[in-house]
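In structure tokens below, several structures.
Two complexes are shown next, each including subunit A; its partner changes from subunit B in the first to subunit C in the second.
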Partner chain A sequence: MGRYLRLYLKFVRFSFSKAMEFRLDFFFRVVMDFFFYGTQLAFFAVLYGQTQELGGWDRSQAFVFIAGFFLVDAIHMTLFANNMWMLPILVNKGDLDYYLMRPVSSLFFLSLREFAANSFLNLVLAVGIFAWSLTQLSSPIDLGGVTLYLALILNGALLYFVLHICFLIPVFWLQSARGLGEIFFSAAKYSERPERIFSGYLRRALVSVLPFSLVASRPAQILFEGADSSALVNIAIVTPLAFGFLLWFWNRALRSYSSASS
Partner chain B sequence: MAIIHAEKLSRTFTVHEKQPGFLASVRSLIYRKKIIKQAVIEASFDIDEGEIVGLVGANGAGKTTLVKMLAGIVHPTAGTAEVLGHQPWKRSNELRRRIALIMGQKASLWWDLPAADCFLLLKEIYQIEDSDYSQRLDYLCQALGIGDELHVQIRRLSLGERMKMELISTLLHAPKVVFLDEPTIGLDLTAQRAIREFLLQYREDHKPAMILTSHYMDDIEELCERILLMQKGRIVFDGALEQVMETYSPNKILTAHFQSGVDPERLPTAETLPGQVLALDADHVRLQVPRDGVTSSAQQLLVSFPIADITIEEVEIGSVIEQIFRDGHVKDADR
Partner chain C sequence: MKVQLFRHVLSIEARKLMSYRIDFWINSVLGSLAQFLLVYSLWAAIIVEPGELKGGYSFDGIVLYYVLVILLGRLVGNSFSQNDVSQDIYDGTLSRYLLFPSSYFVFKYAQRLGATTPTLVQIAVLGLIYLLVLPFPKEVQVTLTSFTMGVMALFVASLLFYSISWLLQLVAFWADNVWSLVVMMIFVARLLGGAMIPLAMFPDWSQTWLTVLPFRYFYGFPVDTIMGRVSPAEWSQGMAISILWFFLTMAISRIVWRRGMLSYSGVGI
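Now for the complex of A and B:
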């Protein structure tokens, strides 16, 4: 574990060195994410201009929820997104070879080797929006609740990564990477909406086989309504199962990796 | 004991056949003709410590797939292999710490970082002790003539310098098995020579088992005592480099110099010579004759013409292997 942490710190250090090389790109990414946050907040502001309540949440609660999602997004963008973007390209071109030769977990290496230093500033921004949204809440919350919420948001970020990479892994069989990322981002919209606006099979799917609602919506629900044991058990069961599925799926995919001729 | 052992190692790939044109593209959405391509067919061999074995074959012969199976990158569809006692495709860390792969056509180093930083990352990945790291880096830099280039971003280095850095990164963890896939491709002659000399020195000092694939016959001739010749996925020859000549070169070159001041009428014409004439003038004749008929042809020349000197040579190995590739097949009887 200590070895992987040391290795990860090296990834972070080198990623910062690389990011500083390209100043324009560095600042462009910050501005781009700033617009993304602004658009999301504006979307909910417009919705609450038309209604007092959405999925059982008032405006201040919806902002905490969406700020929680910003945290998930910023963590994902900082730790995983660049690596996810590269993965289908590496598989498609047969460029995984060297990664598979190194004596470290290939999943760890390929998921975390690029730390997006330029998105790191957005993480700071997301934390700021989150802190502000908490001060706007109409109902009181305690420190324990916020701590549990942050832990569940971190868990949500892990789930979001698992879902993202599981949508990309089929590239090992399909060869063409086209479309896989887009399918994920379309499906990921579900994690930006309150769970209770959905119903029936779709809602059940969103807390089990495609657990997008466990990313930010369910943690927000637990924060507002208290730690309901069934909601926590749901997260505690789905997260390790999703991660276990990822490990199995990854190993199956590596068996099918055909590389490319030189 | 063999460090690398392969037994009936095979790999097939499924590819889709698609006819050209728009209509064919639409049709391929519904129906695709699958073709099973046998990249490697029942490859069996052993390689010992300190051996450099040349893996030789035309493009598409299966060399790279074979190397990638032994390196644990690609799973075989049949057969088995052991590298340092491990099945390579299980990718145990214990094995991966002791093997290395360098591909002349693919960079392993991080493009935007100086080599020194890349090496530090590899030090962490391979858990190399500080003292071993410094000692090995010094040795490799000295042997390859690397100095300040260590601190220059990889993308700013020349191709030759980059390849030297790749070699350093490949050997920093002192692997016992090294796979070299076209390590000199695209390099100028000086850089090619430098890398060959370095590899020989490294073999002398560290005794790893190495498998080398290269299309440059100089690499094969200077580095390998033994070659595996691959054709259409099969290993069609496994043996000493000289043995290739006996197996695949049915002819030898016979050169005779005539005595000076001889009456031109006593000199031979092409029709009277015992072999295929490669060159003929007033000073000498150069003939290609069947391997088993060399002695009689030489005797016939000595008896019939005023010969001052006669030499018998092998056909150049590079030409023989190139001929095999050009023909595109090895005679079934040779298999």
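Now for the complex of A and C:
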């Protein structure tokens, strides 16, 4: 464990030095995330011009929800996203060998090697938007509720990573340079909408096999309505199962890796 | 660039994309289905009672609007991976293209068109599925005229999107990585272009701005035109604005390109 921690700290140090080498790119990426946050907030603002309530939430609650998603997104962008973008290319070009030769877990190395320093700055911005959105709420929220919510958001970030990489792993069989990345970007939008707008099998799928609603929507629901035991149990069961599935899927994929580029 | 060469480049690019057929179809069909179910659920939650939304959309009308945005948006360009020009500048591959007996701008456009050509088949298949499965909105009248005007608007949208993305990528002559600039443009274009939410639903004070800015002409304008929601006079005005934006972008690009070529070392990394 200590060895992995030391290695990770080296990853972070190296990533910060690299980011400082490309200062303009660093700046562009920070601004890019500003645009992402701005467009999402504007989207909800326009949407609430059409309705008073969406998925049982009023405008101020929807802003807290989307700010929570920004936290998940910023964590994901900081820790995992750069690595996820590279994964299909490494498999497609047969460059994965370099990582498989290392005396550490290949999943750890490939998922965490690049730390996005610019997104770390955006995490600060996301925290600011979240704090602002809390002040806009009509009903007060207690500190315990916010603490539980933040813990669930961290869990949501882990789930989001698991979902992202699970959509990329089929590249080992498809051999293309993108895997099912395009589908992930479409499916990931389900995390950015309140769970209660969905119904039937789709809603059930979103809290079980494709747990996008557990990323930010369910935590927001728990924040507004109090800790419902069935909702917490749902998260507590799905998270380890999803992570277990990822480990199994990853090992299965590595066995299919031929190393030949295409 | 000769027409024959243009067609050849286009054909190579289309065949390159089709070499990963399974990936092409899986990503397209499941991606479109995921997007569709999302917007369907969202608007079904908003429109709880029959009636019209701001802008005169019924529920079936808004579903058709999004189906067209999802499908036709692929022809215009909305992929986050559109950074081929900046990559060529960054790694020095541009030098090779400069030796070609054709304009680099046109060559890259032919490549982009080639990459979107197979999408026409997907649009036909998925469009047919929509017609078979979902009710067509009663208030929408697609005529031959509105369809032709829409196709023309779509073509200009594709050119305009390409020219703006081209201009942004030319910044690569001075910066190492400009991929994020194109992504920023896509974020803004999706919101202010009507891909996230129809522009008629934006507040009244913003309507003039939305008409003057180029983004509306990427998605909302062609789709509304096909749906027969744009009069010939509005269409002419919209086409004039989008063509004006295209020429303006090209004029700026010309200056930037010349300046960029002076600083281009051709070494790459």
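FYI, the second predicted complex is superposed on the first by the 258 of 262 C-alpha atoms of A that agree within 3 Å, B and C clash if a C-alpha of one lies under 4 Å from a C-alpha of the other, contacts with A are read in each partner's own complex, and residues count from 1 in each chain.
Basically, contacts are C-beta pairs under 8 Å (C-beta built on N, C-alpha and C of every residue); 3 or more make two chains touch, one makes a residue touch a chain.
Only a predicted model underlies this, so the values are computations on that prediction, with no experimental measurement involved.
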Determine, under the contact definition given at the top, whether A:243 touches first (subunit B), second (subunit C), both, or neither.
neither
Is A:17 touching the first partner subunit B, the second partner subunit C, both, or neither of them?
first
Using the touch definition from the top, say if A:6 reaches subunit B (first), subunit C (second), both or neither.
first
Decide which partner touches more residues of subunit A, taking subunit B and subunit C as the two options.
C
Could you look at A:258 and tell me whether it touches subunit B, subunit C, both or neither (first, second, both, neither)?
first
One more residue to check, A:102. First (subunit B), second (subunit C), both or neither?
first
Under the definition above, what is the set of subunit C residues touching subunit A in their complex?
20, 22-23, 26-28, 30-32, 34-35, 37-38, 41-42, 44-46, 53-54, 80-81, 174-178, 180-181, 183-184, 187-188, 190-191, 196-197, 201-203
With touch defined as at the start, can you tell me which subunit A residues reach subunit B in the complex?
3, 6-7, 10-11, 14, 17-18, 21, 95-98, 100-104, 106, 255-259, 261-262
Mind listing the subunit A positions that touch subunit C in their complex?
22, 24-25, 28-29, 31-32, 35-36, 39, 42-43, 46-47, 49-51, 54-55, 174-176, 178-183, 185-187, 189-190, 193, 196-199, 202
If you look only at subunit B, which of its residues touch subunit A in the complex?
13, 60, 64-65, 68, 71-75, 91, 93-94, 96-97, 99-101, 103-106, 108, 110, 112-113, 117, 120-121, 124-127, 181-182
